[in-house]
Amino acid sequence: MSTPERQLAVSGVTMRFAGLVALDDVSLSLKRGEVLGVIGPNGSGKSTLVNVISGVLAPTSGTVVIDGHDVTAVAPPIISRHGVARSFQTVRLFRRLSVRDNVAGVVRKAKRPVDQIVDEWLERLGILHLADRLAGDLAYGLQRRVEIARALATGPGYLLLDEPAAGLNDTESADLERVIRSIAEDRELDCGVLIIDHDMRLITSLCDRLQVLFNGKTIAEGIPSDVRNDPAVVEAYLGTRPSPAKG
Amino acid sequence: MTVELLVQQLINALSLGSIYALLALGLAVVYSVLGLLNFAYGEIITIAGYCMFFLVSGGMDFWYAAIFGVIAAIATSLLIQLVAFRPLRGAPANAVIFASFAVSIIIKALISNVISPRPRGIPVPSWVDGVIQLGSFRLPILALITIAIAVVAMVALTWALHYSTPGLAIRAAAEDFTVTRLMGAPAGRLILLAFVLSGILAGIAGVLWIARTGSVSPAMGFTPLLQSFIAIVLGGLGNLRGAVIGGFALAFIEVALQVLLPTAVVPFTAALTLVAVVVILYFRPQGFSKLAQERVA
Amino acid sequence: MNTFSRRRLRNAFITWAMLATVFLVVTLLAEFVLDRGQSRMATEFMILASLVVAIQSYVGNSGLLSFGHVAFFAVGAYIAGLAAMSPEKKEQFLPNLPDWVISLEASLPLAILIAVIGVAIFAAFTGVPISRMHQSVIPMATLALLVMTHTVVNLWDDVTRGTRGLVSVPDLVTTWTVFATAVAITGAALLYAASPAGLRLQVVREDPIAAAALGIRVAATRFTGWMVSAVLMAIGSAVWALNSLAFGPEQFFFAQTFSLLAMLIIGGTGSVTGAIAGTAIVSVINESLRGLERGFAIGPIQVPELPGLIQLVVALALLLLLIWRPAGLFGNRELSIPRRRR
């Protein structure tokens, strides 16, 4: 390969569990600086997709390529070193460590003192004042922010967010939207964001592109306004009329 | 090696494997529900053994005493759950593990102090040690009994796990270890049931073990604990079928080493078995189970 | 060096200074105030505290209970004892040793160094498979390691004298060397816990799956902790051996394991301070019950000798304590100056 493309490319991934097809020939690509949304009802295979990309699950067939490196079925730590960071659907913080140590613990290389780097991430996510609290003691919405700060501290090129807005109220959700947008637009970070959700609202206002999964298959993709009105999506996924997007 | 000898060793391995499989199942049942190993598991067998020792010394028939031995095993298993596991629900794993280790130490210390630190013999009925001559094959009766009892126990267990509601709940917990863990703490009744089942399996295996060794001692529980642990690791964790496979695999490795090794090295069989197991695990970290799909590192 | 958190290092240093002061007080008392018996107890306390802190550096940071550290203890003690024993005594008691072992007569630093190398090799071989296992079975695997080691020590007559044990180990240890050992091991354990590697092990302790997804190699991280704590254990064991002068395989088995782990768990596995406090508490219980174990009289009733009494009492106390405080007395807290308000 001459110049490896700077993108995360999933092609033809199929994931079969005993008898059940969770993903059926799914492909997607995510460029740096782009926000891609993957939506679909519960059980449509969204989380399985994140688990395949991050190396938790080895796909039955298909490939995952990051910046030109084939990382299909490679162990999670190595995928992380290729620049993929993720959050979890059910927040998984290091509960008995302080917020600060949650972030400091995953910093790999540091050109500047690690304390400074950690403080900057906490500041950016608006949780610096909570730095010395135990992560497990925080309210749910704040835990989500710690999780994003922690993922960013690994210096990712691609950030995978698994239902980041689940369990958040409207204000928290709006704050989160701002944070995610600022990450995607930050040239210095040069990071693509993949958001998985079943809730259309956050995702349509935030994403550059949308991809809809249903029963493990991609049934539509494109810019949010098109996808939202796609008859197949309306019928298969929503069942009812989509709620109008905010902003 | 003659065919006769081969068959004899095969039966030997099968009967040892039956005991290991039952032992491993008993440890695995609790492990699959709680995600924790019971370090006082061996003492279930110890107590069953001493119960039988007193009854047989008092003149009771060995096999009647065995029934009481199994009952004592169930009681001990429940006692361990009551003392070490239940008060510590939600505590860090280390605390629970150490609590069960403490219970094991307490039981050993009590037996040493109250009864005796020395081993005591249990007279096993002499016909048990006999052999059935079948043509040129000599079949040891105890081995045949062991295999028969184990098969009956495992068939009964399989039936219970498939056709009773609590059995299904346990099986769900065991087969889908991670998912059950993710769904939060299992119900108290399920835990209780797992300990009862664990006691029954350990009790039956314990009786067969004692019929094989013919003695009891305060520290007798350790070998069964270690063997059942090795078996469940070999078979792949949190999976009951794996425990059975692992039990038989361990027995075959052990018997094979005993047959193949020069006599001078035989005292080290246990250590070499462990080395063999480590080598297997090195190449197959998930044991013989192919179920484990979730990887960490 | 940028990955070292200044903040964590500073806190570790403060705790270290305070714990070192405690050891200094104990040493000064032992040297100038206490009688010989008490002074010996004070020395033993500091050695045991060193060993418990060494165990803590693995168990506390990894959250994995290890019974295998007593195997390191045995290997370290025998190696140091054999290295330091005089050639004449070795000729007398262990004539089948290889010549180069017999001719060796190590000084204290050399004996410690050899013990560290030996234990490190042992730990490396055992640590590779153990670190790759699922966390729920690691404790049992370490128990298996302990039993195998005990079997070998028991049977290897030519090297260990089997059940008769080693005798005539030279006394190369003073109260001040013990003080230095305790301070050094405590400092190393605190430094490791404050280091990036130590923090990574704590991260893995909290959630191995999330840690792996964020780039931490779980097995390698556990292996590092295993090695660090094995080396600390080797230093402590060598000093223990050259202070005990005679020992046998039974000193490295269940009773010892139980006692050392009880010290750790009572104080709280999460902190070095807890490990030292737990050692002090269990040592006091042990001393006060030692008299009772030999048999005693309540009025006219003569209570006979009760050989397992200490263990039984400690085990029961421990169960109650665990139910009351599952994280031990100190939990994750270290001794430190009260936090300044901001």
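The letters A, B and C name the chains in turn, as written, and every chain counts its residues from 1.
Following the convention adopted for this analysis, a residue touches a chain if its C-beta (ideal position, glycine included) is under 8 Å from a C-beta of that chain, and two chains touch if they have at least 3 such contacts.
Just so you know, these numbers come straight off a predicted model, no measurement behind them.
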Next item on the list: Go ahead and name the chain pair joined by the largest number of contacting C-beta pairs.
Entry: B-C
Note to self: Measuring between Cα centroids, which chain is at the maximum distance from chain B?
What the structure shows: A
Check: Centre to centre, by mean C-alpha position, how many angstrom separate chain B and chain C?
Finding: 32
Item checked: Averaged-CA centre spacing for the pair chain B and chain A, given as whole angstrom -> 45
Check: What are the residues of chain C that contact at least two other chains?
Finding: 209, 212, 217-218
Note to self: Using the touch definition from the top, which residues of chain A touch two or more other chains?
What the structure shows: 55-56, 75-77
Note to self: For chain B, give me the residues that contact two or more of the other chains.
What the structure shows: 294, 296-297
Check: Of all residues in chain A, which touch chain C in the complex?
Finding: 54-56, 75-77, 80-81, 85-86, 88, 92-97, 100-102, 104-115, 118, 150-151, 154
Item checked: Residue numbers on chain B that touch chain C, as the complex places them -> 31, 35-37, 39, 83-84, 87-88, 90-95, 97-99, 101-103, 105-106, 108-110, 112-113, 222, 226, 229-230, 232-233, 237, 267-268, 270-271, 274, 278, 281-282, 285, 294, 296-297
Next item on the list: Could you pull out which chain C residues touch chain B in their complex?
Entry: 59, 63-65, 129, 132-137, 139-141, 143-144, 147-148, 151-152, 155, 208-209, 212, 217-220, 254, 258, 261-262, 265, 269, 306-309, 311-312, 315-316, 318-319, 322-323, 326-328
Checklist line | chain C to chain A touching residues, read off their complex | finding: 2-8, 196, 199-200, 202-203, 206-207, 209-218, 332
